[in-house]
Structures are given as C-alpha cells and as structure tokens.
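What follows is chain A paired twice: with chain B in the first complex and chain C in the second.
Presenting the complex of A and B:
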C-alpha cells in the first residue's frame, strides 16, 4: 500500500514510531462525531448523552486492550500529556510520604522533563543507568530505593532503541515496597500484548496514533485506589481527574483503534517482525553499522542502528530523496540537534550517536519496499562516507570507534 | 438549519456555549490530515514538513483573529488546558517574585481549580467579588494588589451569565504594576472582536469548539517576552512550551475556524443578537423570571435566566422533550449538582440558583426556532410550577426571593 501522496515515485514510510496513518475503519467510526453527533458529553439532553455513551464505549475498548476495568482509563490528548500527568500527579499526590522519584536514563523526554520539573519543586530524582542494550536492571531499581522513594517510572520500550524493559520484574520490586509504579507504554500499547494485571504496574501511558488511531488522543491507566493529582484542572470530566470538553471524535477513534489492535495484534506482529528482521539482517551486512538496542527482545516493528562516520540527518535526507521516510531518533528530539541521551546511556560515543537511524514498520509496508530500501541504503551510506571527513581521518589512521 | 439528527421532530440547539457543531468548511480543511497527510510535523522529510507548514498556517490564522504575532500562539488540547497552563505556568514562572494571585469569583472551574492547586502549593489567592451583574471592578483589583502579587487572571465573559468584563481597564492596572495578566477568553474568542494589543493582556485562552472549530483544539496566547513554565513537559513542539505530537487535523481546523470567524464575525453577531434579544424579551414576560448577567454588555449569543420555584434540570428535560436543547449553567458544572459559584457570587440565593437556565445561539438558529421556543417555554414553566412544592409554599404565604 502506498500511503504517501506524491509524484509517482515509490514511497516507503518507515517511520511508524513517529506517527501512524489512521486506519480507514477508525476514521469511519469518527466521522459522525464531526457531523451530526457533535453534542457535549456533559449535556443531559439526548445528543449529549449519545456522545457520553460513545466515550464510555471507547473507554471499554481501550480498557479491554490492556485487560483493565473501564473506570481505570483516563483519556488525555497525547502520550506526552499522559506521561507528564502520571509523573507529576503521582509525585504531588504522595509528597507527604517522601520526595524521591526513580526513572531511567532511557525515558522519553516527557518523563525526563517532568522529572526535572519535580527536581525544581524539591523532589530528588534518580536517573538509573542501563546496560549496553538499554535494559534497566530490576536489582539496580531495588538498590536505588530509599525510605523517601514514592514513585518509580520506567519506560516499557524506548522508540529510539526498541528494547523492551523488564517491567514486570521492576513492578514486583515496587509493589513489595508500596511504591507507585508507572510505565510509559506509548511505543508498546497496541503493538505488543499488554495486560496491566500481569505487568503489575499502577499507571500506564498510551497514545492512539501509535496504533493507527488519531492524533490528539492518549490515555493514562490508573489502577483503582491509586491517587493522582490532576494536571489539567477544572470540570468533572474523566471522573474529575482530567478537565476539558472531551475530544469526542478522537476518543471514539482511539477506542476503535484499540479494538482493531487487539483483534489484529498477532497478525500485525508477524507481518512487522518479518520485515524488521529482513531489515536488520540486510543493514548489518554494511560494514561499520551497529544495531542499537537488543536484537531479540525489542519492538516487533522497530530496527535501529548507528552508522559510523556519517550523520543521521544526511542519511534521512538522502533516503527521503529516494522516497524512504525514516527517523534519526525520537521525533520529539530529532530537531533538537543534540545527542540523544538514550544513545549516550547505552554507551554510544557522542560522535557515533550522530549516526543514529531508526526504521519502524507498519501494516502498509511490504517486502518489496524492504528490498528496494536494502538496495538503496548501502549506496547512500557509501556516497556519504566518500564525502565524510571522519572517514578520511580513519583512512589516515586515526582512532575510530568500531562498535562493541 | 436542523443540525441535530432525529425523529422528524423540530430540534432547536440552543447550547452553543456547551459546544458548537463543526463548520462544514472546517471539516473539509481537516480531512486530508486524517488521510494521506498524516506526517509528524517534527519529521524532516516532505510529508512531515507539509504537516509542519499546515500547523504554521493555522497559527497565523489564529493569531490574525486576535491581532497577535503567530509566534505568540501555543496550541493546546482545550480551553481548560490553556487555563490550567496559564495560571499554573505563570505563577510557577514568577514564584521568586511573589506568591499572590488574583482571580475573580466568576472564573471558569479550570481557573478556580488551578487556583486551589496553587493554594495547596503555597500561593495565596484572592477571589475577587463581583457586583450583581457579575462585573469585576478594576478599582477592587487595584485595592487587592500587594507587594507579593505576581499574576491576575480575570475571565473575559462567563458562559454562565454572559457578562463581558472590563478586561482592558483591569489590564491597565496590571501593566502599571508589572503584574502578569491573563484572561480566559474561551467564551468570547471567535464570538466578539478581540485585539490582544488593545485589550492589553499578557495571556489569553481560547477553544476552537466555541467558534465552529473542532473539539480537541485550544490555544494560549502568550505575549512575547512573558515567561511561562510548561504544563505538558517533553519535546520541542510549540517552541518547547507544550510537548506532545501535534494534533494536526484539529490544529488545522482551528486555524480555518479562526479565519471564518474573523471574516464572518459582524454577520454572526448581528444574527445572534437579534435572536438573543427576542429570547430575552419573550422570556422576561414570564412572571418571576430574572435575567442573569448584564442586559446590554453581554455575549451576543447568550441569554441566561433564573426561574423562581423550579429547578433547572427539570426545565432542561421538559425542553429537551420538545426538541429544545439548553443548559442549566456551564456544561462543566451542570452535572456536579452543586449551586453555581458564579450565580452565588452575583447574589442569587442558593434556592433560586437551582432554577438557572442558559440559552446560547449560533448561525444554525432561526427566528422560527425562537418563536417555537417562546411558545413552549412558558407552558413548561407553568406545568412545572403547578407541581412545585416551593410554589405551593409561596401561595401559602411563605417568604420567597423575587429578584432584584
């Protein structure tokens, strides 16, 4: 399926972790709520109540995807909102019990920035190191806990390196000590099976546009009985925990996307894994290119690398000229022109981290697209290396990082 | 135009302050961004850059509606988010300069709740009283300022009583003392002309679904040079001031809605005012019914009343059985089953505040609808009063509030 409009040139969208196209069935489900069903869910007359009912149905669909009760789902406008809400809302709710928060160094910016906000407000934050694959060690979590620890937040999988963290093991550590545990599952929800009861977390963030749902819709799962202070204050929407007139079409779309994700998950995983493994195998044949993250225990639709002697942005541009769309890291950091903290945390030197590139796949991608990509990518790397001052230095004998 | 689906019965949607139907042109403008133009605006390849361009065009459209520079517009997911962001973000940004915040008693819940959050965080909040029309007195603002005052937030117009506040005069008071001034203009933006330079405010909140734009899109105007701490922390979206993947379709829709609102404003105001005045004139003929808010200086599409001896909810239900949709106050409070703080603040006794009802109009409404309503409403009131225990008490001679 060619999902990108254009000039007839082949287009390969390999950037599903940046955002997904909307599933056509999802859009169809949303459409009435852009037209005649525009009521405010808080209004007591019929059209309002129909909107309310649609939201509650979506809540059931999202809850069902992660094996939760509907009342535990709070709709937000994005994964970043869910993450900011979770970290600040948990910490403030428990500030009388302690002031220590634990996160990892491979968290998304929305967690890291919220953590820095908390530090400025008097909380103490531990940023846990990870190993060369990006794994957080549950033992290290245990060791970093103090009497003051109130909150632990560890990402389920980083969209930069794809590694899936041992959340279940970390949640056991948290549970045993009565510490509230959150996971940022924006990259995983809808893409791999998630059962919050099995995972054992108290809070979990998700974003609809990561599983063929609309932008502008996210959710935070909050286990029954766990207190959280609202981020967006005001009315009684979302049980008084998130104010603002509900984005009914987006919520309805998120519900439908969750339903489709649940029923089609194994088929999606199989499709993406096959293409992912083909990409990894093909790309690793290019000299001086290294996989980032773990080989096996990673997102099924995610392949990430660092390429020596060249910069990610140059690769992205050359690839996009061939109609291949990919990313040099998380979309939220790609323009910040800084080295990714996630790559530095797994031991990639600053210079090499500049050569980061991420390919992420979806149902629209085909083997033919991957074949085309695997033809073009080595040529692009060769051309860029020919122009690279770093490469010339290497030929001249200077010391280079060659991966580990 | 009959905008509510149904059974063939006449439907009059008189609840535009709860939410607006989407303008068909707005939806048309949004549609490509639900389909082929799904790129993430942070991605550097073409489809991402087209999404970015669309957002920047929307920013220009929204800025133009309020005579601001595009760079001063921060998109949010709702008016409530803009309000929470404004009040908390300003106060935290200036906490080293003082700890005193001034709001009024006719603020929206999103401001009042944010103020209470700030109180719990150590700030001191003054809740300014208003007169019987709901006006905040600029002199009272001046008198309540202390050396510690860092922020003033006064609503532009309450959607419960419609009174338009003297924001320009209050902003002068704030400016003279170097205090940051915010106004919640959710009910006014797109409905009456707004020029932020003339108003003189530093921050201003708005919501697209109040002017025929989509739900899920709001914005905060932040004057150049005014510091604000992010509410949703994370990536570099919105100049680093509001993280999260942009809700591109909703933002594009808000831009188009702003453009249409600007060009059609005088026609819209004229249309709504005519119907509003007809409603006010007709309803005030019913005995023991009182207008709330100011008669002349009010939202052009807004008529609000308190009806003695009966409850708002009963009126809403009886009206909705006749296909007439209205509200008993702000949608965000209508289900809280509490007396509205706004009505109490203008001196309406608790019992009478229960008889609150608000009719708000839009371009779809017609004179025929108003005629139909004015036929039905007195009958409904009569029927309800016949059943009312309060009414019987009155006949029996007990003391009743009869308005002022």
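Presenting the complex of A and C:
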C-alpha cells in the first residue's frame, strides 16, 4: 500500500524503525485536542478537567499495553527523553548508595550520551561487550557488578541489528542484588508483547511513533516504590516527576495507539514476520551479503545486512530513486561520519560496516512491494560493485576487503 | 540532500572503470571515513586523452569521481594538477557541508595519478 504521496511511482516505505505513519484512528482521537479541547489539565474548571481525564485514560491504555498500573506511567516528549530521564534520574537518586552504572555497547545514543554525561559527573560506567549476534551475556552482567553498582540499563532490542536481548535473565541478576534495572524498549514496545512484571524490570522506555502513534510522545514506566529524580523541573505535572504542560493531543494519541497495538499485535507480528523472512531469504541469495543480528531472535519487522565492497549511503540513494526507503549505519549516512558503534561492537570490521543497510516493515507493506524490492536490490548492488575498486580483491581470494 | 547535478552524476556516472595499461593510477581515501577513490589516466602527446574511476563510497564520492574524470579529459597533466577540490564542488553545484572533506577526494586521487604518470616517465614534462 502506497503511504507516500508523490509522482505516482511505486513507493515502498521500509524504514519503520525511523518512524511510523500515524494510524488514522489515532489521528481522529487526537483531533479534538488540537481544537476545542484545548484546556490545561491542571486547570480546575471543566475544559481543564476534560483534558485531565483524557490523559489519564491514555495512561491506562499505555499501562495496559505493558501490563502495568496506570500510576507507573510518566509521559515524556520522546523515547530519548525517557532514556535520559531513566539513566540520569536513577543514578542521581541512588548516588548515596554507589557510583557504578552498567550499560551495553549496543545502546541507543540517548543512553550512551547520558552514560557519558554521568561519567563526567563522577560516576563510573561499564560498557558491556556483546557477542557476534549482539547479545549481552547475563553472566557478563553478573561479573561486572561491584559493590558500587546502582543501575543497569540494557536495550530491549537494537533498531540497528534487531536482536532481542535476554532482559528477563539480566533483570533477575539485578533484582537479586537490589540494583535498579532499566530497559530501552523503544524499538519493541507495541511491536512485540511486553509484560513488565514478566520482564522484571524497574524502568522501561517507550515512544509512540514506533507503534503508529504521534511523534512528540514517549513514556517511562517506573515501578511503584522506585524513586527517580526529575530531569525536567517545574510544576507538579506527572506526579511532580516530569514538569511542563502536558502535550495533550500527543498523549491522547499515544494512548489510542497503545490500545490498537495491544489488540492487533499478533496480527501485526504475523504480517511483518512473513515479509521480513521473505526479505532475509531473498537478500541472502545475493553473494557476499550477510545478515546482522540474530536470525531467529530478532524484531519481527526488522531485516538488517552488511553488503561487501560497497557503501551504505550509495545503496540508500539508489534504492530511494526506485522509491524504496531504508536506513544504513554507514559512516557516510551519519552526521558524525563515523561507523555505527553497534555494528563495530558485534565485530564487523570498519570497512564492512560501511555496507550496512536496514529494512524495517509495517502494516502498509505488501508482498508485491517485497517482490519489487527483491528485483531491484540485486541490480543496485551489482551496479555499485561494478564501480567499486574492491571487487577485484575478491578475485584474489580474499573473502572481504577489511583494510582501514 | 544533493544538487541535481550530483544526483545525475551519481545515477549516471561517466567513465566508470579502469584503463588497462594506464599511464598513471592514483588511489586516495580512508575506509574509516567510508570513501576510497581510484583514478586511472591515459596520456598522449602531453594530453590526458582518457580518465576512468572506481570508487567505494557514498553518492557524493561517486559524483565527484564522475565529474573530475570529465573535467580532466583534454587537459595537460600540468593543468590537471591545477584542478582543486573547490573546482569540482563548483562544477557539481555544491555539496552538503559534511561531505566536503571525506567524499571530496577526486582532486587528490587525480594528483596522485599524474604523479604516478610522471614517475613512470612516459613523457616527462617539467
């Protein structure tokens, strides 16, 4: 289904980890809160109270999606805010008990940058290595714990390689030692079933635009009884834990999106998995292309690869000229011009990391789109390989050029 | 993101390949940054009569390679050395700021190709 307006050419949106389109029902639910229902939820008169009621209903919907109590949900502006809030807020709240924080090397920038901020403020941070699939080993978590350890934060699934981490096992390790456990579940919430009680985490970050909700809405689950220091100071919104007048339309939209995600989850997973497996099977038929992340234990809507001898941005551009939209972790596509730390951490050499490409799927995608893509992609790879000075190295017997 | 000219040279690159028995070959680049460029030239009677490229890199790197191989044809090796990075960018109608350094390797690769040609001493021009 074509969700991208344009010139009539076929458009395949394969970048759902970047963002999702808004579900039409979500938009309908949000509309009154852009217009007549503009009241401030803190106001005691009727329009204010209606807005208050709307965000409390959204809180229930979001809580229900992850099997939590409504009072444990703090709305934020984004997944990045939820992550920054979780790591900084927990470390500061527990600074009298210790100064050691554990994260993995496959975290999102919002966790890694917050960790570096904490390091500059006097905390000690361990960046746990991962194996070739991107898995964090719960035993390694156990071994890195010291008397000073106060917080562990491990991503639920990386949107770059799709691998789903053994959060439950890691949370058990944390629980046994009374260490606070956070997981960045931005890529997983709304896409795979999440039960915070089953996962055993104390904190969990999410973002609405990863499950057909609006941008500008995220949330942090904070288990009852866990103390956290606010990131944003001011008024008494969100139980005094996150100040600022609430983004009512976005919060209402997030609630509706959560409700739809919960009821439609198995159908969504089935739809995406079928297309994902078709992409993985088709792309791996091309010589010298490798899957990144784990084959089975990965996000249902996520297929990621590294392609030898060519560069990611060039692939993205050629695909986009064919109306196919995807993502890459190559240095050229990043503003910092550095290869993705996630790819390097799973042992992919710098040169090969340049050939990274990620396809992520959603409900708009069809089998015909995948067929079209599987026809175009090998041609694009061939065209770029014809231009590549490294293709001849292969004939010399080397499997992959990994210099640099 | 890119100018129309860059897109054109990226989608329809000119002079892709390697000249067999080239008179000069220059390679420039860094894989950590993501771009490596190889330019080969053929020189006859003190004129560059052919230039080809092979490039591992992003859209900008490929467009730069394509453009500089077009610009250099018909020039003397001495004049080829005068082509600057800025000249290539200008011909391409500009490049995004973050692409000015890493991807703009054409002038350096060409300089190395001319130096290689001079070292080989097919026809030495001072």
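By definition in this document, the second predicted complex is superposed on the first by the 385 of 404 C-alpha atoms of A that agree within 3 Å, B and C clash if a C-alpha of one lies under 4 Å from a C-alpha of the other, contacts with A are read in each partner's own complex, and residues count from 1 in each chain.
What we mean here is this: a residue touches a chain if its C-beta (ideal position, glycine included) is under 8 Å from a C-beta of that chain, and two chains touch if they have at least 3 such contacts.
Everything quoted here is computed from the prediction, not taken from an experiment.
> Does the superposition put A:313 against chain B (first), chain C (second), both, or neither?
In the superposition, A:313 touches chain B and chain C alike.
> Chain B or chain C: which reaches more residues on chain A?
Of the two chains, more chain A residues are contacted by B.
> State whether A:148 touches chain B only (first), chain C only (second), both chains, or neither.
Neither: A:148 stays clear of chain B and chain C.
> In the overlay, answer first, second, both or neither for which of chain B and chain C A:20 touches.
Touch status of A:20: first partner only.
> Report for A:350: first if it touches chain B alone, second if chain C alone, otherwise both or neither.
The second partner, chain C, only.
> Report for A:339: first if it touches chain B alone, second if chain C alone, otherwise both or neither.
second
> Quick check on the superposed pair: does A:46 touch chain B, chain C, both, or neither? Answer first, second, both or neither.
The first partner, chain B, only.
> Considering only the touch criterion stated at the top, classify A:388 as touching first (chain B), second (chain C), both, or neither.
Only chain C is touched by A:388; chain B is not.
> In the superposed view, which residues of chain A touch chain B and also chain C?
After superposing on chain A, chain A residues 313, 317, 330-333, 335 contact both chain B and chain C.
> Mind pulling up the chain C residues that touch chain A in the complex?
2, 7, 10-11, 13, 16, 27, 30-38, 53-62, 98-99, 102-103
> For a test of understanding, state which residues of chain A touch chain C in their complex under the given definition.
Result: residues 309-314, 317-318, 321, 330-333, 335, 337-339, 350-351, 354, 386-390, 403-404 of chain A touch chain C.
> Spell out the part of chain B that touches chain A in their complex, as residue ranges.
Per the stated touch rule, the residues are 3-6, 13, 15, 18-22, 27, 30, 34-40, 42-48, 77-81, 83-84, 108-111, 113-114, 116-117, 207, 209, 214-218, 229-237, 243-250, 313, 316-317, 319-320, 325, 327, 330-336.
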